[in-house]
Amino acid sequence: MKDIIVVYHEQPKLKSPIMVEGLPGVGNVGKLAAEHLISQLKAKKFATVYSKHFPPQVLIGDDGVIRLVSNDLYYHKTGSGHDIVILSGDYQGISQEGQYEISYEVLDMFEKLGGSRVYTLGGWSVGKLIAEPRVLGATTSAELVKELKTVGVEFSKDEPAGGIVGAAGLLLGLGKLRDLDAACLMGETSGYFSDPKSAQSVLEILEKLLGIKIDFTELEQHAKEIDELTASLNDLKPAVSKTDELKYIG
Amino acid sequence: MKDIIVVYHEQPKLKSPIMVEGLPGVGNVGKLAAEHLISQLKAKKFATVYSKHFPPQVLIGDDGVIRLVSNDLYYHKTGSGHDIVILSGDYQGISQEGQYEISYEVLDMFEKLGGSRVYTLGGWSVGKLIAEPRVLGATTSAELVKELKTVGVEFSKDEPAGGIVGAAGLLLGLGKLRDLDAACLMGETSGYFSDPKSAQSVLEILEKLLGIKIDFTELEQHAKEIDELTASLNDLKPAVSKTDELKYIG
Amino acid sequence: MKDIIVVYHEQPKLKSPIMVEGLPGVGNVGKLAAEHLISQLKAKKFATVYSKHFPPQVLIGDDGVIRLVSNDLYYHKTGSGHDIVILSGDYQGISQEGQYEISYEVLDMFEKLGGSRVYTLGGWSVGKLIAEPRVLGATTSAELVKELKTVGVEFSKDEPAGGIVGAAGLLLGLGKLRDLDAACLMGETSGYFSDPKSAQSVLEILEKLLGIKIDFTELEQHAKEIDELTASLNDLKPAVSKTDELKYIG
Amino acid sequence: MKDIIVVYHEQPKLKSPIMVEGLPGVGNVGKLAAEHLISQLKAKKFATVYSKHFPPQVLIGDDGVIRLVSNDLYYHKTGSGHDIVILSGDYQGISQEGQYEISYEVLDMFEKLGGSRVYTLGGWSVGKLIAEPRVLGATTSAELVKELKTVGVEFSKDEPAGGIVGAAGLLLGLGKLRDLDAACLMGETSGYFSDPKSAQSVLEILEKLLGIKIDFTELEQHAKEIDELTASLNDLKPAVSKTDELKYIG
């Protein structure tokens, strides 16, 4: 068995595409954002990546039909300068070696499509609830830093300490070795739960970068539900300070 | 050394065989069922799969003679539409990568035999003693879901959450990539011990699917012994509720 | 880098050699026995096996000069029917895959020497101090069981449960796949410490099997020191029963 | 993806170079020393080693620009007998197999440069604060032991027990297999924190071995800060004995 098996459902011709990556991670910010983007753009799945570096697991749909866990690539034709490719999926590679292998393979696939730039999405855990999450950035070049600042991305000397791990980091690191422009957009998040508010912050930056318009009704509804949940937890433990009251749950 | 070493004891010519898989897992349901099937059908071992993905271990027979741990393939000629292949063994692959490798190799072997369908057997842990275990299903296609419902397999939106891990899942997931029909039959089980009652439930479904007749005397005797054991444990701890009293032991 | 690097110091011509393996394990029985045998036979090192499956470690000699951890092969010409090859070393492979790789490689080397049989040595932990350790056996064939019984090796239905793990098991299991005769000799041991008495029991069996004479003065001295140590520990904790008083220390 | 990706920034022609290795380890002694040496010699980076055996991580510079974690090779032309190559980096390989692979690759690179000798630097943890750290040695040959004694390196029968693990050991062990002269210089260190005093001791030996002159102002300043910190910790816990008061923090 090959380490990675790629199945193409379609071979799209794309115009100098930009890839947006959002996989499970801190606050699930990247995955939430990528899935919202896929749904809003009605992006089409064109390739599925299977690998022995993912867990040996199938998921069962509501109809009783299974699918092997995977990462998936979608495309959206914008009709203007750059088409869009979106990478999302069930898991990141389990082993560190596997994470390298999978990111490398995805970059190979993206290069074959004539890809021009990568935005990876993630959460930056600050350990407390944030009313208005900032979006922090990291890029493969100083020019890109300048460009991202103009749309509101913040760059901060001490954040995030420890750098960026997983696909959100590797696509930048391995991309840079190929002279591919790439940037990571990290939404501030408590890290306590799946964080739609942080995902929205990240997507609002992407709107400007990609020249697209996104409807946030669904994410806002989701965020409201979580706000209500955290408020009700506050009522239960009135003596605990607002920022410390929730345990880390994912 | 090759990652997987297959030794053929015989090269059977089989008629469009159906494979039944039962390896160690939750409640040992799959392995118990597969071994009972092998014994009842007097199926013949025709291939042994060794691998460095299994533990570095030999088992010692009562005669003092060792054998390297393995997975094994048996066949039974039915004389009618489909012959039967049964996969059982000592272990599943230890690492996740190893589980992918071994399931992939077994599917290669099965395809060379002209295999047409796979049934994987497993236990679905419900955390309490079950008098009449249901059999839950998951399949590679909607048609197969329909077919299995007609023989009493249940499909439930929320069960099992988390999908299916290990060979019972991978043979479906990797099989689907080859357009092989495959289904998993999961017997409800407490998960507290090796569960012959759940194995019998699964085999009763298989009887209908394979058009065979199985004698359950042995499994029923085994189940009775376990019932007596759990009853005596109940007597020891009368204050504990029936469903919670046993510790998970395998 | 190759997974395994073999360095030959000499290419001995051997007469249908028998290999004796003794690597670190339960009670250090195998390694103690193999090293005593090497020293008593003045066996010559002819090959060293390095591997990335061993720890990334060098050991420092008393002279300040290092050597990379390894397994080593020695030979002794008996002048009669079978010459002797002895395998000892610093470690077994760390990962299970590595253990398979290394045992497989050693068998390749042994076959090139015209090897005819393998004896692997190990300890069989019984969890209490044993005055007269028995030697238990396991083999690749019923004929070999019969042969070993004639020199005092015992075969016991329930011992050792769980079979044999590591090189002592794999050389049998992988050897059997090559139709190589092989047997494991396991000395009973408390398993609490490095056990020279158990090593001596195993070597006394080997004396008969190999038709050699071994001086045990050194091992007996070593055993006496350990007896005195355990006796003094007894004096410290007089209330504890003799068999339970020592903690497992390796 | 290849296991190891080497990017050359320059292909220097070097005169029979000597390599100095200093990677993260006990007391961070090796890395501190190697980085001080790079900075003092104004050595030029000529090659970067990336690998899936390093963590899947990028680090972010103060300017917001990332780099993939790596090991790096620098050179310094001495104008006399031997040029100098320095190996430093963010991490050692995470898995033991990875550590072998990377050290082997580095030795390949060094041999292509005509390399003649390797000095690896490390810390030797003694578990207490040391006013005047000794430098202990281990080498690939008795001649080298003699040579190192003349510049003040100490060789001690019982130190370090357990040998040397990681790159500092493997470059010796794998180097010896290529008949490369190599020695490890280990500065005594408490092991409680990053230890510039121990790094300086090691560099003072290197000054003599390499025939270079190093300014230690920066390291001494760094050491003074740590002395003040440990003194202030002493004031906080006056009842604790001097050698035991600090917890192991790296």
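When the chains are written out, they are named A, B, C and D in that same order, and each has its own residue count from 1.
Methods note: a residue touches a chain if its C-beta (ideal position, glycine included) is under 8 Å from a C-beta of that chain, and two chains touch if they have at least 3 such contacts.
On a predicted model such as this, the values are computed, not experimentally measured, just so you know.
Counting every residue number used by either copy at the chain C-chain D contact, under half are found in both chains. Here the CA centre of chain A is 54 Å from the CA centre of chain C.
Note on chain placement: the centre of chain B and the centre of chain C lie 38 Å apart, centres being C-alpha means.
Shown for chain A are the residues that touch two or more other chains, of which there are none. Shown here, the protein chains touch around one cycle, each chain meeting exactly two partners.
Only residues 93, 96-97, 99-101, 103-105, 137-142, 145, 155, 157, 160, 162-167, 169-170, 172-174, 176-177, 184 of chain C touch chain B when the two sit together in their complex.
Residues 1, 5, 7, 50, 52-60, 62-69, 94-95, 98 of chain D touch chain A in their complex.
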